[in-house]
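Here the chain labels run A, B, C and D in written order, and each chain numbers its own residues starting at 1.
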Amino acid sequence: MNVFEEWESEIRGYCRLYPTVFASASNARQVDEAGRSYVDFFAGAGVLNFGHNNPRMKKALIEFIEADGVAHSLDMYTVPKRAFVQKFADTVLRPRGMKYRMQFMGPTGTNAVEAALKLARRVTGRTTVVACSHGFHGMTLGSLACTANSYFRNAAGVPLEHVIRQPFGCDKPCEGCTMGCGPAAVDRLRAMFEDASSGLPKPAAFVVEPIQAEGGVHVASREWLHAVQTLAHDLGALLIFDDIQAGCGRTGTYFSFDGMELDPDIVCLAKGIGGFGTPLAMNLVKPEHDAHWSPGEHTGTFRGQGFSFVAGVEALKYFDDDELMSEVRRKGQRMREHLEGICADHGQRRFQVRGKGMMQAIDLGDGALAKDVAAKCFENGLLIGACGTGGRVLKLIPPLTIPDEDLTEGLELLSKSLRQVVGQAEEVPV
Amino acid sequence: MNVFEEWESEIRGYCRLYPTVFASASNARQVDEAGRSYVDFFAGAGVLNFGHNNPRMKKALIEFIEADGVAHSLDMYTVPKRAFVQKFADTVLRPRGMKYRMQFMGPTGTNAVEAALKLARRVTGRTTVVACSHGFHGMTLGSLACTANSYFRNAAGVPLEHVIRQPFGCDKPCEGCTMGCGPAAVDRLRAMFEDASSGLPKPAAFVVEPIQAEGGVHVASREWLHAVQTLAHDLGALLIFDDIQAGCGRTGTYFSFDGMELDPDIVCLAKGIGGFGTPLAMNLVKPEHDAHWSPGEHTGTFRGQGFSFVAGVEALKYFDDDELMSEVRRKGQRMREHLEGICADHGQRRFQVRGKGMMQAIDLGDGALAKDVAAKCFENGLLIGACGTGGRVLKLIPPLTIPDEDLTEGLELLSKSLRQVVGQAEEVPV
Amino acid sequence: MNVFEEWESEIRGYCRLYPTVFASASNARQVDEAGRSYVDFFAGAGVLNFGHNNPRMKKALIEFIEADGVAHSLDMYTVPKRAFVQKFADTVLRPRGMKYRMQFMGPTGTNAVEAALKLARRVTGRTTVVACSHGFHGMTLGSLACTANSYFRNAAGVPLEHVIRQPFGCDKPCEGCTMGCGPAAVDRLRAMFEDASSGLPKPAAFVVEPIQAEGGVHVASREWLHAVQTLAHDLGALLIFDDIQAGCGRTGTYFSFDGMELDPDIVCLAKGIGGFGTPLAMNLVKPEHDAHWSPGEHTGTFRGQGFSFVAGVEALKYFDDDELMSEVRRKGQRMREHLEGICADHGQRRFQVRGKGMMQAIDLGDGALAKDVAAKCFENGLLIGACGTGGRVLKLIPPLTIPDEDLTEGLELLSKSLRQVVGQAEEVPV
Amino acid sequence: MNVFEEWESEIRGYCRLYPTVFASASNARQVDEAGRSYVDFFAGAGVLNFGHNNPRMKKALIEFIEADGVAHSLDMYTVPKRAFVQKFADTVLRPRGMKYRMQFMGPTGTNAVEAALKLARRVTGRTTVVACSHGFHGMTLGSLACTANSYFRNAAGVPLEHVIRQPFGCDKPCEGCTMGCGPAAVDRLRAMFEDASSGLPKPAAFVVEPIQAEGGVHVASREWLHAVQTLAHDLGALLIFDDIQAGCGRTGTYFSFDGMELDPDIVCLAKGIGGFGTPLAMNLVKPEHDAHWSPGEHTGTFRGQGFSFVAGVEALKYFDDDELMSEVRRKGQRMREHLEGICADHGQRRFQVRGKGMMQAIDLGDGALAKDVAAKCFENGLLIGACGTGGRVLKLIPPLTIPDEDLTEGLELLSKSLRQVVGQAEEVPV
């Protein structure tokens, strides 16, 4: 680790929580140089939905490399890109009757959000967008203006403007929260937008994560999402869903908002879409809005990534039937019950469980405590990350393909670590 | 191509210039589905310095995949990341006596520039930065504010602020340019910055490409760069070099500014650094500035890319000796002479040649003409791209590893295509 | 009127509502060239609290001019300025135990607000301020950013930033309003400000009119004002009261917030303070904040106006006893009852009466109707203005010194005009 | 003075330089409470062109007050306003063939500039304006963004944006200045504006003081002004002249730019236009631009000031013939020769004289020295102010009506004070 300490920037973060050097990884396990194996409840911050070194993808990638496939192509046409586009259309869009155009940009989530914001502003001729408290949309200045976390915002060095903030509409109120989420909040916002003397300009877009991941695992209610969508469309604004962390199967359906009869104008995807951990980002854009783009107006060198297309096709095959998704729902339920058991066992501490599918979280209400527990987990052999205000929420996002035994082990390690930190003697049932 | 037309966004660009579907690529050749082989003078917009599917990298990548290497790790420590950091320190930094810390962020150039701007603003407590006419630094709002091209800027949808613009200091004046580049312009700017009533706030940074690529291949003079550096440091501002396209060996040395005795505070790298075409971006930051970062203040999901570290180490091995770099200087000279021959043959049209090493360009002074020539090149079997104001400049950035015969063929195809478009009968000597 | 049509800008406004040329004015009467006398329920937009050509002030001004008093002095010390400062301290500040410093700036309300915003930002080191829906604070870019009305905002030509908008806390909800005013809204805002991941930066100030005049005559509740004050102080923000139109005796006390046990950090005054209609603006600033100013940091040529100091002293004498203020309360009650009578008579139309002291208003719920009624009033001999969203509110702000017979006549003319426009036959009792 | 020290804000400025209480004033004399008479070379910061308590104006004002004239009218039509508009049209506009519309706003210079900026942005649909180094345009956020002085800018508390800065085009270079003023600078700026990749957006306006007063008395050359005007019009931008301090006869003609065959789109006037020291501001706007205003889009309570119209008509009568203006040219020449004599006598110190008509200045090159000299002047009985970067320039702007003997006395006091401070024994001829 001396090499890193000598040469890498002080900004490095996760390595401080997991102070070891990882040598290999497979499905839901990471192994360090010393040969120690860790259960992975972090999955590369939600990228590795299909596990580390997914065998189907490995095979496809090696064949691709050996055949001199086009690894990097900007937005030229290539065979693997066509396969990906075709597969995505066939597997995801057509069955849902979606007509979106696929836009590729720089291969990170923040690039996707920046592109979505540009398009919404272009289409509407307006500058201001509405974003949510606890929202996370990236680190570049356009998306950072939409990100809510002050730790990240304070690094901007310039004012972050053109954003109106609304409370997020959780499906159930968080412990002690008095921000006033829910459809009533949307009604109040509507009243302001509809009064020409309210001081709020008509917005270009509403930017919403149907499930906030980084912000603390808040699940939006269907009613609130519909209220926001109706308001957006009544105001002539676009509805942008940032499904970067919660999409690609994480919640038990391809999109986190599947089954809610919603109709977003732009959907931002990244993280899981490239399958193997190689970068890819893509916006789904309605054709009538897409027509406002001129060629090459928003570019990025790495917007055509062969590896991500090849592995991404393999990832999409998991959605040819319901097998993986039904597993996600089953395992997600398992995770939830375990966390609720923990809550029950630590009753007087008022922990709260939130989540959907295989994104489940326990809000410990205290960032320092959550940090200690995550550190103890690492010590015990579990990789888990914190999120939410002050890092008070432990988020469980293992690979969707995690074997049951690893899932069980991970959950037990979490219970044990929490007990060790909190110092309670009672048994936490698994 | 129907798949793309049906499903891909209208924003797609290069595929319009190269209307075919590429199936494979090797060193300086791309081959389409129909089996047609093209000489590649574009190299993925300057990413593929070491050729498509570089054999050493292929081998290393396949081994890495087969061994279940950690492909995606955010900023956890991994074995391939350590190898990369060590190799970069040993090969690039130590021989130059450079003490920089390496900062990894989202794996695109624009992410690197955003991080550099944040740090400069943090260190200085100032907001405004100085950027150059014809500068290109990316598409996300922070870096886009520094990018000069109005076509890209007009897509922002919000004002792009906090940037003062200075003319770029070319080593020789471009045909007809009256912007007033050169050290005298820096003196004028100094006079303004030093007068408390000039209206220019003290800047956080000067953001400069030592060689502007996208902006039209403008090579800064050593004198101008020193004048800018001195002014920056006199003002307490940071000097940021964006060496994203011109670095990593493109100009015959690792950095485009090697040998000039310059001392930038931050160097932004991306494109060529990952070697194989997989994304990676990295800032080199002086330790005294790096200390201003708190852990995780500027993040990005894809900031630890195993493939890019593995191939990037192979790329760095090319700098163990001077073999490749001397070849770059030789082949660059060959390219330049060829382009100057073209100029001579089309004398009355006043074309201009600019460039350094294997980034050479011919400014045709007319965007429509350059577009026609690039299209004709494609027709004839050569991939070449346009840049500069209105796209009037043809930029030649083949892989540094291009075989002589491919280089010769490409140059001949360019001459031929230009003759065909311009309609001149004279022979252009190769 | 041809002279104006030929030479004056199209931006002229009130002259369109009152298409005549006024030749003289006295107390609550304006007389046009044709000799027609109008009852004045507008009072120069709330400037002429003590009537047109107040006799005491006329006398004082003529003496001042004849004695070669210093009419214009920037911020030099002059005899009349000292008299004004002394009188204001003795009459207003000392009896209330207020320790404010008096800051004079450019002599308009918008200059006062600009200065207050600068100081709040200086003191706190923050940029964002909280302003209210329906707030009106002026037309220059700093204060315009706080002004809510979109008609005015749309003239800015640049984005108006650094302002968070909150609903105003009316003492009773307006007909049909669903913005959610009241202390509960402040609680929601508090929850957002206190969550570091809400996306709302800590504000420099809360800018509030205790009574919104231009915005439609909304009277803040005591509870809401206290909630805002407590929130501001808990957040380390300044509480700025813009009492420009409602202050100086308009509501039956010197400040519109007198008697509420509030403790604003800055109070902005203008309009009525100069007494005679000559410009003056002044901020009351707590000494601990005032100490953050350096000499001359916020200036303005016309910040020392002898006429306004001389007449302003005469105005302040009206507050030596309670005589005028008790009259204001009595006449205000008279106005209110009359307006409520109108409402009762037009019951099915759901008009609403709002106001305090001698700022009373009737919300007709329809801007076109209000415009027609105001035009009919003019025709009938009454000057009255519209305000609020879309101009739907008729605001009655006669001079505080209006004789009872003029007040009666004005109120009758309003009833009559409304009947004529609405077309109802019923008698409106006076 | 205790009253002020106890109750007035720390921001007070001129009273620190002139620590006495003024009791009366007449023409070019101010007299303090102690009966001490001062020659006034400051004239209320250039407001009192026609002297303190001009007898013609006194008479007109007293008559106006006695007749119950309308002192305050917003933008209603009044008899004195019509007289002013008519007189201005007849005296100033018609003889010059000017077709401007007169726009009245809040009665301060900064309000005029704010209105001009809004209109230019409205007309062009652009946001950015070009302003000059050393320019002074006011203190409210819109005009402050154009003001160059960092002392004032640093009080803003928010970034001041949407302004591009150009060096001012002095008629002769200032001692040691290397900013590069003059028409060549305009050519360089043109080259940038005309290159779509320069990074400079097309501007809405060029905002220029033909003579910079506050910025240090810099007189623009005719050539530079024409170059700026041509560039503005070629770019579709408006040319705004801020003639607030240099206009209204100060330089020997009504406008400071008279006789140069210039054609500004908007001219901002304030200070001297109201004649007596009472506030007034007015923009002259070309009808084709004025048509872009909607009624009441930019307002201000005090935009119809009877006193200023009445006294302003008297002021305009001074331009019925050339008598006053020829006196201004004669006395201005006298002032200039005196200052050049001072320079000659202090040769080794390299003072510089600048100015036009009766705005003349001596640049002492040192703010601390200038402050000491101004303080010594006060001690000796002369009111004079400093301006320019760091306050290094002493500006002489006595009333245009100053008697020769007062002018002589003032100039002698300046020479004497400078000698006393600098400590040189040599005689300075008057």
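Throughout what follows, contacts are C-beta pairs under 8 Å (C-beta built on N, C-alpha and C of every residue); 3 or more make two chains touch, one makes a residue touch a chain.
In this text the structure is predicted, and so the values were computed from the model without any measurement.
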Query = Between A-D, A-C or A-B, which repeats the contact pattern of B-D in over half of its pairs?
reply = A-C
Query = More C-beta pairs touching across which pair, B-C or A-C?
reply = A-C
Task = Tell me which chain's centre, taken as the mean of its C-alpha atoms, is farthest from chain D.
result = A
Note = Rounded to the nearest Å, the gap separating the Cα centres of chain B and chain C is 58
Ask   = chain C to chain D: how many Å between their CA centres?
value = 31
Remark   = Between the Cα centroids of chain A and chain C the separation in whole angstrom comes to 49
Sequence positions of chain B contacting 2 or more other chains = 127, 151, 158-159, 161-162
Request  = Would you tell me which residues of chain D are touching chain B in their complex?
outcome  = 127-128, 131-135, 147-151, 153, 159, 161-165, 167, 177-180, 184-185, 187-188, 190-192, 195-201, 215-216, 388-390
Residue ranges of chain D touching chain C (in the complex, touch as defined) = 1, 3-4, 6-16, 18-26, 30, 33, 44-48, 52-53, 58, 61-62, 65-79, 81-82, 85-86, 88-89, 93, 101-111, 114, 117-118, 120-122, 127, 138-143, 145, 151-152, 154-158, 161-162, 204, 270-271, 276-279, 283, 285, 290-291, 293-302, 305-307
Inquiry  = Looking at the complex, which residues from chain D come into contact with chain A?
reply    = 158-159
